[in-house]
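Consider the two complexes below, in which subunit A is the common component and subunit B and subunit C are the respective partners.
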Partner chain A sequence: MVKKRTTKEKLTIGIPRALFYYKKPYFWPTFFEELGCSVIISPPTQREILETGCKNSEIESCLPVKVLQGHIFYLLDKKIDYLFVPRIISLRENHSSCPKFFGLPDLAKLVSKKEVKILSPTIDFNKEDFNKTAFWLGWSLTNGFPLKRFKIIKAAYKNAWQKEKQAKEELNKNYLNQIESLERKVVLISHPYNLYDDFINLKIKEKLEKNGLEVLTIDALPFEFQTTFSHWDFASEMLNQAKEISKRAISGAIQISSFGCGCDSVIKEFIERIFREKKIPFLSLMIDEHTAEAGLITRLEAFVDTLN
Partner chain B sequence: MKTYLGIDIGSISTNLVLIDEKNQVLDHLYLRTDGNPIKAVQNGLKKLKEKILGDIKIAGVGTTGSGRQLIGAIVGADIVKNEITAHAKGALHFIPEARTIIEIGGQDSKIIILRDGIVVDFAMNAICAAGCGAFLDAQAFRLKIPVEEFGPIAVESEKPTNISGRCTVFAESDMIHKQQVGHSIKDVVAGLCQSLVRNYLNNVAKGKDIQPPVVFQGGVSENTGIKKAFEKSLGKEIIVPQYNTVMGAFGMALLAKQNSKDESQFKGFEISEQEINCSSFECRACPNYCEIIEARIDGKVASRWGDRCGKWS
Partner chain C sequence: MKITFAQIGNYGIALKSLIEELGHQYIEPDRTNQETIEQGVKIAPETICLPCKVNLGNYLSAIKKGAEAVLMFNSQGQCRFRYYGLLQEKILKDYGHNVSFIIFSGKDIVRKLKSLGQVSLGELMRVLKITWQKIKLIDEMENLARFYRPREIKKGAADNLLKECLDDLKRTKRIESFKNHRETVRQKFNKIEIDSQRDVLKVGIIGEIFTVIDGFVNQNIEANLGELGVEARRDLNLTAFVRHNLWPFSKRKIKKQAKDYLTFSVGGHGLESVAEMLNYAKNDFDGVIHLFPFSCMPEVTVRPILEKIRQDKNIPLLSLSLDEQSGQAGIRTRLEAFVDLIRAKKSKKS
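Right after this comes the complex of A and B.
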């Protein structure tokens, strides 16, 4: 898989800024850098990336996968040795990820050039602890290091987690400030790769803030995880957070799902019910390749008017 | 006399409503947009000017509909609002106790849920515009029946044919097929009305608590066949208010009045005579390549929009 290298040799790893990236934006870059690799992260999505993605995707793919494809193409044009596309099977015990995540490395392999290898650890919490998965990945990347390999990997893992944790704590702290503020609050519900990709969500957060609303994002909420009926890891997380936040003083909830998302088509309904039961205004939005904002703005404006 | 003008620029129709200070409608126009919103509004203003006699002063202008930004910039609107708010405002003026508004326009269909005169919930059609006025229009054209006669023809039918309502492409092939095997036109048209209603209730109004009084407005509410189909499916009386086809524009006129300031930004009826050109170009300052739209009145740049960053607008 990974060739032998000495400590002096630098490997360049490309990380697409899409899908799984947004789940752990700090962990992987730090981990690789600590192991002496240089990291290139593709820039935030822009039109060119989206267009390349759409052009080179299978029509039936969901929008986020098309976006990922675009980022992969961007990185393939850069000088990289490895393209990081993990095979994510499950991010929680007794849960499963979206089936499309299972096949991402294969998708990447199909489009990439021969010189670029796909770095694709299998992440499956049902079978192996995450630290073990990361360790074996680190082990293969340090193949050829003379000494202290064990120590280097351990330190890299620790520091990477530290960074990720800090960022999460920052988010949670921000949440506590927000929930205490007197402004009207709206919670945005979606997957991190829709919430934080401003090109895809047409800057929805900014648009709401301009209307004088405090915007909470669902993944920044600090509530303990509890199992739900859903076997999907991210759906369970979303449902859980939604249930908790619906008990707080919020003015409305907006759910964003991407066109063609199979999991969302099921979960959407259950999320809506949580807020409906509490009589919290709820808006469901669908995002797609189209860049015309008119439809989105109409719905947002009308929604803000109903809150008034 | 102080008056207020509301303009609703939709995909199929462009409507203008002029009200006085007592909220009385002085005049209303329902015009075809015909793919050229600017021309439609210019025509509308011209007609309005000819029809209105006496000394009037436009003290406020409001625009709504999918062309609201464009026309708002061109006529100098004081307030630009989304269709939901405009329609709710208009309907509540006539039926203050309304609890549900069904609005079907050319490309959008909406359900608005009101409680105690306040919009508490709404929904719009998602990606697909199946079951809207534009489709009815296309079918009317295909059958060579004026769309205005769709309603009376449908109401005559006693055994409406089953037509698929999920997708307009399927609906059309279903209609053609049914015609070819010998169903009468009135049964096919009535079947189409029922399928549109079914599509609306299953997709747009999905899961909403439809409580009476139910108000039906928008261009499609002119169609008595659809009204009848709604009444049959819901088992409730459907109220089609006065000015049903121009309700958005009426709501906007009310909002313009409510919002009026000392001086309106209205550029005057002269704009119907001026040369207005819109062009677009791609901004290459960053990789987003936004499409910038530029409106020129008599050669002078009046407004620009379409950028994500605000560089041009």
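Right after this comes the complex of A and C.
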């Protein structure tokens, strides 16, 4: 799959800061750096990135995929040897990802240049443990004596995982502090790539905080996993977390979904029902590349006024 | 129990016999029409794909006729179709319609249908065999109609005959009579007068299964093409769908055909679309029409790939995304333009 390195030059790996990046923001960069590669992560989404993305991708695709396309184009302009676009089939046993994730490497191949190779490990928790997938990926990126390589990869995996874990723990701790606060609390429900991409969500978190609210993000919630009706891993997690938070004293919930998101059109119905049962005000926002700030502010203000 | 099943193409006939042979009453929803879609859109989630909205409209019309239960298929696949039954049940409950859902999938079809009909395994197999024969026959008739439509001398002859044959099929009940039936259908179609001199273009239809099969949702695209002197070819139908799911080899074959462009199934019929388009390109078709409901996850994913195939293989592609707003005139205009284009391309070549 991947050609072995012959010179002592460092390999450069480009990671688009979109979609799958936000699922493990610390793991991949650390892992590749520890393996002795240099890593270029595209900058946070800007107007130009979004515009190139929209221009060069399928019009009916969902917004996150268009954003990803923009980041890919940004990275292709830089000098990179590999473009990292994993094929994420599943991140939890007996579950699977959004089907749009399945075809991402093939789509990246369509727009990629000849000299850039696509680095696309298949991540499937149903078939293979994650450490094995990471190991073979690391194996293809290193060279030297097998034992040495083995040690390097093992250390890299461990460190990368630790970093990811630490970040998650911090997030959870932060959540526990927030939930104790006496301010009115709203919870933002969305996928990580919408929650943390400030250009896409138009800094919604900041806007709500300005209105004197404590803003929780759903992915920070520690929870015990229980199987739900959904076979989508992220949806199952979200439903579990939504159920958990609906028991707490929160004043409102806001769901952000991107236009064209197929999964959200189903999950939204179920998440809305959870909050409706508890009589918690629920606002559903749809974002796309044309979302204007003024409209969003008006809707948020109206929503905040309904909270008590 | 009075059971209904959502309309899909002409397969209502087969489903009717399935439910009736199991000892229940089949309530046929009105044939899908504008009214159905409007009713469905009112209660469906805003951004769900079109088939779900059409299904809901169908159920509403069946409930009016007294349906008590809905039989629904669950593909166990990757796309949203998997949740249709679950979602539709919740929505209908919300709106105060008390219908129970019987959701079966490929895995538990035997168990579910057995308990539904309270029949023995042997009896169920007989019922399934009849249904299967009917499905196969329907597909065969449609194939014949597709061949005769662009060649017929008397306009509408093939379509009228198709309707007549489908009505006949409704009355057939015994397994032994299917062989005869098939023979008569062939003979009847053979009698249609055709103009063998006519220059008939060949176009392949690919895309999402519901939109390619259901004539109302795709604005009768096959009949329209026939009128314009184009023979439509469609590999995806219920027979193919069942075969792919029962026979793992055919799936592997599709994967092999598509491997240069798409190496992994993206759910739904995305991989099939790519493989079929490559097949049509290989067999020198004059063009390909790609149909899918707006925001369909698998088809949207493969559309850039189809676009790439169009460039690589130099085969014209018309990609139509259908939703509740699509109108007859709009689609017809685009079809006419497309047919003009491929006709010009063909005459240039020869």
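Please note the rule applied: the second predicted complex is superposed on the first by the 298 of 308 C-alpha atoms of A that agree within 3 Å, B and C clash if a C-alpha of one lies under 4 Å from a C-alpha of the other, contacts with A are read in each partner's own complex, and residues count from 1 in each chain.
In this text, a residue touches a chain if its C-beta (ideal position, glycine included) is under 8 Å from a C-beta of that chain, and two chains touch if they have at least 3 such contacts.
If you're wondering where the values come from, they're calculated on a predicted model, not measured in any experiment.
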Q: Considering only touches as defined above, state whether A:F102 meets subunit B (first), subunit C (second), both or neither.
A: second
(Q) Output check: A:R299 vs subunit B and subunit C. Expected answer is one of first, second, both, neither. What do you get? (A) first
**Q.** Residue contacts on subunit A - larger count, subunit B or subunit C
**A.** C
Q. Is A:F229 touching the first partner subunit B, the second partner subunit C, both, or neither of them?
A. second
Q: State whether A:A160 touches subunit B only (first), subunit C only (second), both chains, or neither.
A: neither
Q) Does the superposition put A:K203 against subunit B (first), subunit C (second), both, or neither? A) first
Q | Which of subunit B and subunit C A:R47 touches, first, second, both or neither | A | first
Q) Once the shared chain is lined up, is A:L35 touching subunit B (first), subunit C (second), both, or neither of them? A) neither
Q: For A:D288, decide between first (touching subunit B), second (touching subunit C), both and neither.
A: first
Q.
Counting contacts the way the document defines them, which residues of subunit A are shared by the two interfaces, the one with subunit B and the one with subunit C?
A. 259, 286
Q. Taking the complex as given, what residues does subunit A use to touch subunit C?
A. 57-58, 60-62, 87, 89, 96, 98-100, 102-103, 105-107, 110, 122, 229-231, 257, 259-266, 268-270, 273, 286
Q.
Which residues of subunit C touch subunit A once you look at their complex with the stated criterion?
A. 45-49, 78-80, 82-83, 86-87, 90-91, 261-268, 270, 294-298, 300-305, 308, 321
**Q.** Residues of subunit A that touch subunit B when the two form their complex
**A.** 46-49, 199, 203, 259, 272, 281-282, 284, 286, 288, 294-295, 297-299, 301-303, 305-306
Q. For subunit B, which residues count as touching subunit A in their complex?
A. 66, 69, 81-85, 118-124, 126-127, 207, 286-289, 308
